[in-house]
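Would you mind keeping the following structure in view while I ask a few things?
In this document, chain identifiers A, B, C and D correspond to the written order of the chains, with residue numbering beginning at 1 in each.
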Amino acid sequence: MKKIKMGMIGGGFGAFIGDAHRRASRICNDFELVGGVFDADFEKSLEFAKNEGIAPARCYESVGKLIEGELALPAGERIEVVSIVTPNALHFPFAKSILNAGFHVVCEKPMTMTVEEAEELEKIVGETKLTFALTHTYTGYPMIRQMKDLIAKGTLGTIQRIDAQYYQGWINSIIHGTDSRIKGVWRLDPKHAGASSCMGDIGVHAFNLIEYTTGLEVDEILSDLSPVKEGIQLDLDGTVLLHFGKNLKGVIRASQVCGGEENNLTIAVYGSKASLKWSQENPNYLTMLSDSETTRIFKPAHGYNDQFAEMSHTMPSGHPEGIYEALANIYKGTARSIRGEKFIPGEFPTVHDGVRGMKFIHSVVSSNKMGNVWIKL
Amino acid sequence: MKKIKMGMIGGGFGAFIGDAHRRASRICNDFELVGGVFDADFEKSLEFAKNEGIAPARCYESVGKLIEGELALPAGERIEVVSIVTPNALHFPFAKSILNAGFHVVCEKPMTMTVEEAEELEKIVGETKLTFALTHTYTGYPMIRQMKDLIAKGTLGTIQRIDAQYYQGWINSIIHGTDSRIKGVWRLDPKHAGASSCMGDIGVHAFNLIEYTTGLEVDEILSDLSPVKEGIQLDLDGTVLLHFGKNLKGVIRASQVCGGEENNLTIAVYGSKASLKWSQENPNYLTMLSDSETTRIFKPAHGYNDQFAEMSHTMPSGHPEGIYEALANIYKGTARSIRGEKFIPGEFPTVHDGVRGMKFIHSVVSSNKMGNVWIKL
Amino acid sequence: MKKIKMGMIGGGFGAFIGDAHRRASRICNDFELVGGVFDADFEKSLEFAKNEGIAPARCYESVGKLIEGELALPAGERIEVVSIVTPNALHFPFAKSILNAGFHVVCEKPMTMTVEEAEELEKIVGETKLTFALTHTYTGYPMIRQMKDLIAKGTLGTIQRIDAQYYQGWINSIIHGTDSRIKGVWRLDPKHAGASSCMGDIGVHAFNLIEYTTGLEVDEILSDLSPVKEGIQLDLDGTVLLHFGKNLKGVIRASQVCGGEENNLTIAVYGSKASLKWSQENPNYLTMLSDSETTRIFKPAHGYNDQFAEMSHTMPSGHPEGIYEALANIYKGTARSIRGEKFIPGEFPTVHDGVRGMKFIHSVVSSNKMGNVWIKL
Amino acid sequence: MKKIKMGMIGGGFGAFIGDAHRRASRICNDFELVGGVFDADFEKSLEFAKNEGIAPARCYESVGKLIEGELALPAGERIEVVSIVTPNALHFPFAKSILNAGFHVVCEKPMTMTVEEAEELEKIVGETKLTFALTHTYTGYPMIRQMKDLIAKGTLGTIQRIDAQYYQGWINSIIHGTDSRIKGVWRLDPKHAGASSCMGDIGVHAFNLIEYTTGLEVDEILSDLSPVKEGIQLDLDGTVLLHFGKNLKGVIRASQVCGGEENNLTIAVYGSKASLKWSQENPNYLTMLSDSETTRIFKPAHGYNDQFAEMSHTMPSGHPEGIYEALANIYKGTARSIRGEKFIPGEFPTVHDGVRGMKFIHSVVSSNKMGNVWIKL
């Protein structure tokens, strides 16, 4: 099948997330990276392009020149989709101009810096009917998709409690280092990181997984955040109470100072009939609990799973796939959408998920500032 | 060694918790059950005494008669300690009169119904110098004791986050059953259960483990509780935000409607140098996480543990002990205290732990009623 | 209920296994320790009796005097059952004379030193109809009993493979210590340990669990044993191939030199329809695997278990019981048998299990000596 | 960096293993698939090439024509390495002619059908100095490489026991299906599968992991194999005793009839100082046991690992990578070798590993046929 021509903004030498996107696009095998703006420094960008085997002519000095250059090419040669993997503050302006120029977009999270920007993007996507995929990568795991399907089918009965956690510890090495090191860390600087560190970077993933797997929308939140240490201006840790409507409550716990935790994202959804638990660090196990039956463990590549989970894992059972494959699943769904093929809703997170995420982040920051009060999302 | 003569109030036929106390007292082998008031129905109490091989003369009609009868016996034959395993509302009046009569007390939790009662008991214990053990059973596990010691030695550095969970699902079968069944369940009736169901019954265990293992006291709380279903008058589910002082925050999550969860009490204490995690359902594993070193798992019966953990496990390593042995460890410490032997602080939870617990329960209920506000403990 | 009067041979100060038996007998609460020969040194034995609150008159100088003394007492006061927890070589002569005097017996394993002795005991038990319980403790775990029941009901279909493991590492500290330490270790001395160290002490437990859970008998074995180190005269490590009849094979792996392994006894039984796996260090989990269905985990205290498993666990689900409770379950079944009550076959291992075990140990040693050949059991 | 031009033999539509090789080569990003013989049916092969975006001219009718065609191209355009992913019996003739034509080879296992063929390939590779990589995929996991390094550094002391397992259950659905299905299964037919089913397909992986991680060579083996069911001509299950030299013994257990087991490959190496355990289904955890210290768990992306493990994982810690990444690591090492770059021994399994594997398979079959006797490897 003909590969979709892909451009990339950001992701040059040393960029971890850009590399992940390229790997994922190669794994799903529906894309061909043909151009981009890989680095703010054009020389470095060119060198990177050369290293990747990309024609120098399609390594552009700016997003504007990329749009101009590509639109000048015949439709069959032209970039069709652009992956945006730049620092956070640039996601919005680049996504906006790229969409407006008629290209599909894959965008890293957080989608924007403000709710208003997010809503503006949602409007553009709605009007242009272009494909916009937000890489909440964890939605690409087969067992998360199986969880979504089991809940949609009513397997859990009435949902009674929701609990998600995202614990990491890596920021410890920064905040307990020297002052000079702290200055250099953009994630601790509100100008670059935005309104929130912990909730904006990871809490929002937990929020997204909750809405993704349950199909429910959080109604209001109350947050309690902590800078953990004197002199830190952003939240590195926090708890968010969730209300979903009458009698359904939940909680998100997130922290970047849980020393020794690596990437411990978990979600548990408890229902009147059964419950489901999943953990990102062991993604190929989905546990179903029940008051009256044995605990059941779902794994990928089994006939008992729904189609959505099964198409999200390519190896036979017992051959673990990981996070690159999860991201590749999102790229695969994006490709189906770009090609106008039939796809399952949920194959890639949408611009609407991005709007929800920005509302979550800003509400959480506001609730904390206002003295831990309830805020509608 | 001569056994301590023990009496018991409550715990007759069909009483699960009374049976657990008797087993624990037999395991530690320092006690001899010689009398009691086993049932409100004297005939049943007598039959139970007979079945247990207890002299009918020491099966009393009331707590008052037990005190009278035992005080009439020569000191060497007399009951020395009384285990109170009655319904909750009776803990306080019985403990008060028994202490005032000069007997040591082992008391099931919750210690009392109100904070005032708890403080009154604390005063009496302080004045009489009698031994008063509150059976927060989970403090008897060897790896919880190892956790307490590791934290006391400063192994974790500065504590940065605390997260405890107590999830059960058993109440589902009641609230989703018929109306007639619900009426019969005293735990859902405020008159018998007290101000709280979930937080009073299990949340308080999580609270106790936090204060027990860290040696810290919670400063203020904000709670969000849920009755889960129309017509339920008490909390069956909730989240409690914790403040410990400047920059240390935490959370307690507790629920009785997490379908399929059995007795899933966990605690995680995260520090600047290392972190510790423990789970009640797998009590013989204590996990230490670190940003820079391999994850370490502590198990009982190893030279690397402190003395407190080691004396709390009698089998060689790899031979799992369980919850009866945890309760037996509390009885063992109580015996040491009664005999005036040297013991390690923490061998049994004290009347002060009971006061803290009552403050926790009542603050949590108040915070929720007042609209999720902060309340000092 | 009236307690059964119990005597004990061995198990004085410092005897770990005697203490375990006493605890178990107290947990099940059907026994009362009233006399015994606790130590070869009569003074120490007397001191131990005093410490345990046993009448000095019933602390005897020898097994012969115990028999004589107890038979002289009125039937209602007399010891009814004797627990034998002496060094291995004494099990047979003591069990024989005690049975012949008309007392029931609880005997530690290995039951005897030779197959002939084992068969002699089996004959005596058959003739006297006395209760004889061999404490293969692991058969007392609720999930092992559930495993036995599931297999008996045919849940697994045709059994296709059996794999049991018993790995420990404790002997490392001895064999890699100094010469003087090695001399002192009776377990490395054939005169005291018998024909085998590893297979006699632990391999036989794995063998017993296989026959216990499956109801099958091993037909022939081929073994490969290792002393691991120069100068060691006994097996510290080995593998045993098992044939059960046409087309069913299995394996037992056992070792005392698996550094860091604690008491890692596992059993897996694989069938044409489903499979079951269990591990002693996490005894409250029984895993059922299936090619076509989700993995299922059985835990104690659930309605989905059979009666045998359910009566073997007294706490609610999620409250872990351990190895003392497993041994107590065996004592409980023994009590039922002594009292002439109805009991479930399998509540305690019998003298026949002891015969099978001795055949296993001696066949394994012979196979290895003869150059790893097949030997019929 | 310029990509290495790769050809592929086999791996057309529906070929699971060919797809895995292509994904792996795309993940490591050092290869470009430019031609091949993808299917015995040339039309299907052409269609596959078209689908993959490969020039029709380089889709050849036979391996002979591929060699001829590619040698006719200028060196810079020519295929440099050929991946052989055909049915087993074709590995040897194709590898031989491809090597003799001067191309590097990546070859699926089993490398050949006989030991003689394997040794012939080893000779050719030795003489041509070409790169020959055998895809024992599991050697590509970072924690297997960490295990290899820890053992090489002497962390375990003297190795005392080795135990590897490879249990699967998928063949159950075939052997318990209808006769007609069995006929169609080439794996049960000695003509196509070779001398062995279970040991040839999976037992040999366990054998390879043992020699790979320990650096030891198995000296002699004794096997006990089972067809499990009437009428099956090959082994579907078996146990292999291993001797490594004086006093070091081990065991390999492998089965295709362990119902519900997916791909349960495990290895445990026990030493006098410490021990290491690893399981393929949870590949990012390496457990170190010790008699005197806490259990330690190694995970990827940590400073405590050696360079070999660290270069084999690209994501930050806690982001699980899987089996495709393991295979990509082998392709990465192969690329380094082809380019003449420095690489770490062990980055890809060699033709010598293939010779060892064939010796293992044939010895195991012979030992079983000859009545379970010892055979030197």
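Quick note on the criterion: a residue touches a chain if its C-beta (ideal position, glycine included) is under 8 Å from a C-beta of that chain, and two chains touch if they have at least 3 such contacts.
Because the structure is a prediction, the values reported are computed rather than measured.
By mean C-alpha position, what chain is farthest away from chain B?
Result for the farthest chain: D.
Could you quickly compare B-D and A-D and let me know which has more C-beta contacts?
Greater number of contacting C-beta pairs: A-D.
Interface overlap for chain A and chain C, more than half of numbers shared or less than half: same or different?
Comparing the two copies, chain A and chain C contact each other through largely the same residue numbers, since over half are shared.
For chain C versus chain D, what separation do you get between their C-alpha means, in angstrom?
Inter-chain centre distance comes to 43 Å.
Starting from the mean Cα coordinates of chain B and chain D, work out the distance between those two points in Å.
The mean C-alpha positions of chain B and chain D differ by 55 Å.
Using mean CA coordinates as chain centres, what's the chain A-chain D distance in Å?
35
Enumerate the residues of chain A that touch no fewer than two other chains.
Within chain A, residues 170, 261, 288, 292, 295, 299 contact more than one other chain.
Touching chain C in the complex: which residues of chain D?
156-157, 160-161, 163, 165, 167, 169-170, 172-173, 176, 222, 224, 226-230, 237-239, 241, 247-249, 251, 253, 255, 257-261, 268, 270-275, 288-292, 295, 372, 374
In the complex, go through chain C and note every residue touching chain A.
288, 292-299, 302-304
Flag every residue of chain A that touches chain D in the complex, lowest number first.
So the residues of chain A in touch with chain D come to 1-3, 16, 19-20, 22-23, 26-27, 29, 51, 53, 168, 170, 261-264, 280-283, 299, 301, 314-325.
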